[in-house]
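Here come two complexes built around chain A, the first alongside chain B, the second alongside chain C.
Showing the complex of A and B:
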């Protein structure tokens, strides 16, 4: 018996998904991008990957900073590896290997006599130029992506946990419980989401997790309606009755019997929720109610770009990046929907 | 008992007698009336009347009241500009000149000023301004109905009373003696139309959109809610031929259109739909103000130096914070704040370093005080002295398991670039600065409530340096006061009390300088940058006097500064050449060029 023995129906679905090319390839690229972004420090960083200085090797990427003094410079604060690279090259007593984009998303690469934003330049290593405070646009784009995608994924998991549980419970128990929650949700969803966020973030400075919590306050609602309807339908089927006749508890019926049969609905919604999570964070950042400065974020880049249309590289980089990501997510969503289309497969006869 | 007519009349006369004696107070005998007709005028005789000045507002005002809830918006200065006071201060010499009063005099005890009222003064509805209207100001400002607690307290605690001597003579007193050159700013009140505010019940709502009669050159003539507000020049304004008001307030109309986005407003300006635009920000002056309309001379540029803004621009360190309590830490912060780099590489070196707390207050400033310079070695010494000598894995200093980390609270997105650069520089010194951007009002509130570690901001000053609110210990360690540094020093208190009670200017100057030195020593307020000029772009048809501004008031255009179109003490010096306007617009269409005009005016520049 193999370790992963998949249901033949699932295999069918996966094969169907694979056969939809643009969705499948988008999925592969997207996963690679997310994985790469986990190791962004290796690819985009002002810290060197490897320093060889007077015979000893240093790997500064992760861990504590290496003060300038350790590497033969005359200061206590963190080594500037780009300068060190030049110095060691001249002296010949070592070498430095820098990441492909040798900038930190926070550092200001200011110059004398010139004023940011600086245009893209391969010589300077700013492949997409700099923003108005001389920070590398590419670096901020990469780290901004990481923030956005993890924001969106965490938001997705938590809001689905809440939404699916409450929705399923509403559908399963029905009656007063259902009625009560319907009204609560109706009232809740009529609260203007954006205003609440504006008010909250003007009195406190949100961080990554409080921002998730705030968006979550309103984000769980959507899923409940779908789950409620589906559960109502499934509840009436014989297999549920059979399970209950065998004495299964409510929780067991909901999570072990009904939920697997509604999974196609949940999965179909996932890609679109990811996209809306990214958009939510970006628009909050754009409006200035999102993550505090100087956190790298797409929304902040977008707002800088739209205020500095003369420096077209800022706004074009972020718009292109956003379009690509959102289009890929949509392709994936489309393919999943197609693969799970009940017209092609049914889970029961 | 039977009364005949005569007895009744006598009785009435007897009852009335004492009150009529009280109702006619006497002017002091040795009164010395002063006036001013010798100072130079600051308007231009070349000015012509006519045209409409087009300006903009970023948001529509929430009310047309000038007191009460929501009245404290930017638009209020347009309303206040048309509310004239008894006397005005000359924007170049700071001497008083006649406004609603033609003459004034001081009492010997320095609490009261006497005023001879100009009999020609009329409200915009044609009614005469009476002495009772001045007395009503006090009554009005002390009412609970206006829902303005600050004004209630101010008029109760700081202002004494208005005494009416006859139809053209009144006196206004301050609750306490003040130096003469400061007294006028408290007692030179403006009248309030008693006939207009008949029923004060429910004032806030009732008068929210009512246009109150005023005494200034313009009155609101048209309101399109949410869209625009137009002011129109009064045809026979009572002051139009007086010496200091002649050739001013020249345009027929001033129209404020609501443009909610500054970038959009800039586009409007470039099309000629706005007459002037502030270019003080380096980005605008150096980057945006380029292209055809500037090169072809349709739009002129003005760089006008005036007295530096009298704001205490700086960072305010909360001394109740356990880290910032230590003076050595504060000195370390002063030496690791690389504001020079911010100025040089972000702001293009356009600003200058503020050096002392009261800089901009001429003699009250001790010019020998220089702000502490960025110097990592010195910063290191001071941080080490305070015990923060170890550095953690991230390069931030640690002591007893705590990190040297403080947050800075600020209220404007446009300052983020400056703080982001400072943050990176602080990091080199081993200090972590966490940026707390709030909206403007929330940031100020957080400082008022002393919830900040460091507050990045400025406090507006009056004509004279003020220390009591920000530095006296009675205002420390409590909410809703301006002592943002929680300064609590008996020596400082003594000096401040002496400063407040000193009457001679020499004493006040020497005390002010001592206070500045002490503030420098404490290093709980660290100066940042100041902007000793304004920069403006204006269409060629907008004309300015030969000296295009005043020492106190700044440049003579109304771009961002609403007040300057109206402000009766220094505004309204510009005029519009309507013929030239047509010509310029035609030239622009045909591509005809003029010589570009760039004026740099250093008449009032302060040299170091």
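Showing the complex of A and C:
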């Protein structure tokens, strides 16, 4: 398929993208972060990476719960590896390797005689402190990032699929189909969507996928409208006429001729859609109409943080994380736009 | 052209009906509506008072609200009729400016909204003015001094404003200037001593003292896009042949901009006018919640949380109408500034 063959023009675009340093490096860092977040269990977890106990090795990260009895403790429920680490150190009959952040995003690390939130401390392992019910902020940040990024990516893929197919059909076939969807979009785009999403999700308490579906209800419009315009323009060009004169079917013209010519424009939209997906989820979570309660999320941290401003570490860590990610995504977007659709201006001296 | 706008105005009707029927139906088929709320509240009340006087814990709910009372309530809210019938009743009332009565405050919804609307409008209009006031000159300067030191430095600010959503900017401002430095108040539309202040001037000053941070947050959300747009369109126009011709004929560069390029560059800014209205309505949920401003957004947010559906629908009606007219207004602006635009 010509879509994935790198023609010289695409190579040129990619090279131009690489030459825009901040965008290219942001892209690399961002991809690494997303890949790392897929293996967040290895990096941020209350389960140990490796336990060596009396000569045998255990890898508790993935897989079934290892009860305390197995590792020489006196309980049947899941081993507390942080305690085990101290115990084994004293006894000297084994060792425990913990992940860099040895906390689960759901666990409450309460202490006697003190009330959370606890300030950041390296001794306790809470590098960014804890939230109001003693959950580790760093752990919730990492898992919250994973939720946000996958929410945003799935939203992007589905909304682009819908947008590209409806939009291309609208632009290519025109006629009644085009008119019908034009009216639908005209009505749909006038809905105050954030408010309606809030109403819907206050009522049905969404999970990850239903929330995507709710946001998708309003998210498909932009791409559809854009795709319609682009297809409409491309359809009028000579290569399409030539292809049709040669007897190409509608499907062939759309998939082999028009779509490959619109891909580069679609790509320039991707980073901005990623950012807006993250922002949408975070705003909804902030308002309390996003994912249900214990799910780690940036919006929930933001709202906790802004309600407990004296515990400055909560709000500042999530704001810093959000700023870094969004600025990086925007850097990428800017660089891609620059590389794929360069604008040269005449300037006067 | 006139035909186009007439069609747009007529389209408001089906759009409005579509939006409201959607939400009306949703609010109807949900557990936890106003009646369930009342029953729950009555239960709580009886639990508290009943627990004190007598130990009969059983039969709550039924003891406080019997079937007849529930029926009366259902009749009162129109829940006893089929959805479409009660939707029609509601719509007829809305056309007569009767949005019903809040289930939480027992005040007429329209009065509550009328109270809040000026507060949101205050922020909306000021935001728009400040945004234009910053973006147009800034975009102009950035275009004229493209690639200069000034351009690069100001780009950073614009860029951050572009990347970070306005409510996060609001939280940052709150953390830094209200919580830590204590330069500005934590929120509210005016302070506690507002009623006791001696002069109007002092009151106005108090309102602006409270408005500083939220306004900054609002402006941060909208000025970046506008500045980019101004800069890019001015640069496009500067590169256009007619400006080159004007300069070649000997017009000073400044005059070429003000007389020729600037006029055409303002067209996209005018297009953006209507979008602003919806941005202000949409964004206000978050910023009004952060700064605890008693505007339309906070009212809508609270009514959803409290399941006060008459207000939920009321706010929806108002914001949908504002947005619908805003979009048409924006099209009229475009047609007014750009004679080439032909709407069909």
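General remarks:
Just so we're on the same page, the second predicted complex is superposed on the first by the 336 of 349 C-alpha atoms of A that agree within 3 Å, B and C clash if a C-alpha of one lies under 4 Å from a C-alpha of the other, contacts with A are read in each partner's own complex, and residues count from 1 in each chain.
Everything that follows uses one rule, which is that contacts are C-beta pairs under 8 Å (C-beta built on N, C-alpha and C of every residue); 3 or more make two chains touch, one makes a residue touch a chain.
Every value quoted in this text rests on a predicted model; they were computed, and no experiment measured them.
With chain A as the common reference, chain B cannot sit beside chain C without a clash.
Of the two partner chains, neither chain B nor chain C is touched by A:22.
Judged by the touch definition given at the top, the superposed model places A:203 against both chain B and chain C. In the superposed model, A:89 makes contact with neither chain B nor chain C.
In the superposed pair of complexes, A:287 makes contact with chain C only, with no contact to chain B.
Contacts of A:65 after superposition on the shared chain: chain B is touched, whereas chain C is not.
Of the two partner chains placed by superposition, only chain B is touched by A:112; chain C is not.
Using the contact criterion defined above for the overlaid structures, shared-chain residue A:186 touches chain C, although it does not reach chain B.
Note on chain A: of its two partners chain C and chain B, the one contacting more of its residues is C.
By the touch criterion stated above, A:307 is placed in contact with chain B alone, chain C being left untouched. Here chain B runs into chain C after the superposition, and of 57-65, 165-173, 291-299 or 561-569 the stretch doing so is 57-65.
Judged by the document's definition of touching, chain A residues 202-203, 288, 306, 310 lie at the interface with chain B and also at the interface with chain C.
Residues 11, 14-15, 18-19, 22-23, 26-27, 30, 32, 146-147, 159-160, 162-165, 167-168, 171-172, 174-175, 179-180, 232, 235-236, 238-239, 244, 247, 253, 278, 281-282, 285-286, 289-290, 300-301, 304-305, 307, 312, 315-316, 319-320, 323-324, 327 of chain C are the ones that touch chain A when the two sit in their complex.
In the complex of the two chains, the chain A residues touching chain C come out as 183, 186-187, 190-196, 198-200, 202-204, 275, 279, 282-283, 286-289, 302, 305-306, 309-310, 312, 315-316, 319, 322-323, 326-327, 329-330, 343, 345-348.
Note for the complex: chain A touches chain B at residues 63-65, 67, 75-78, 106-108, 110-112, 115-116, 132-135, 202-203, 205, 288, 292-294, 306-307, 310. Contact residues on chain B toward chain A in their complex (touch as defined above): 263, 282, 286-288, 341, 344-346, 348, 376, 380, 391-395, 413, 416-417, 419-421, 423-424, 427-430, 435-439, 442.
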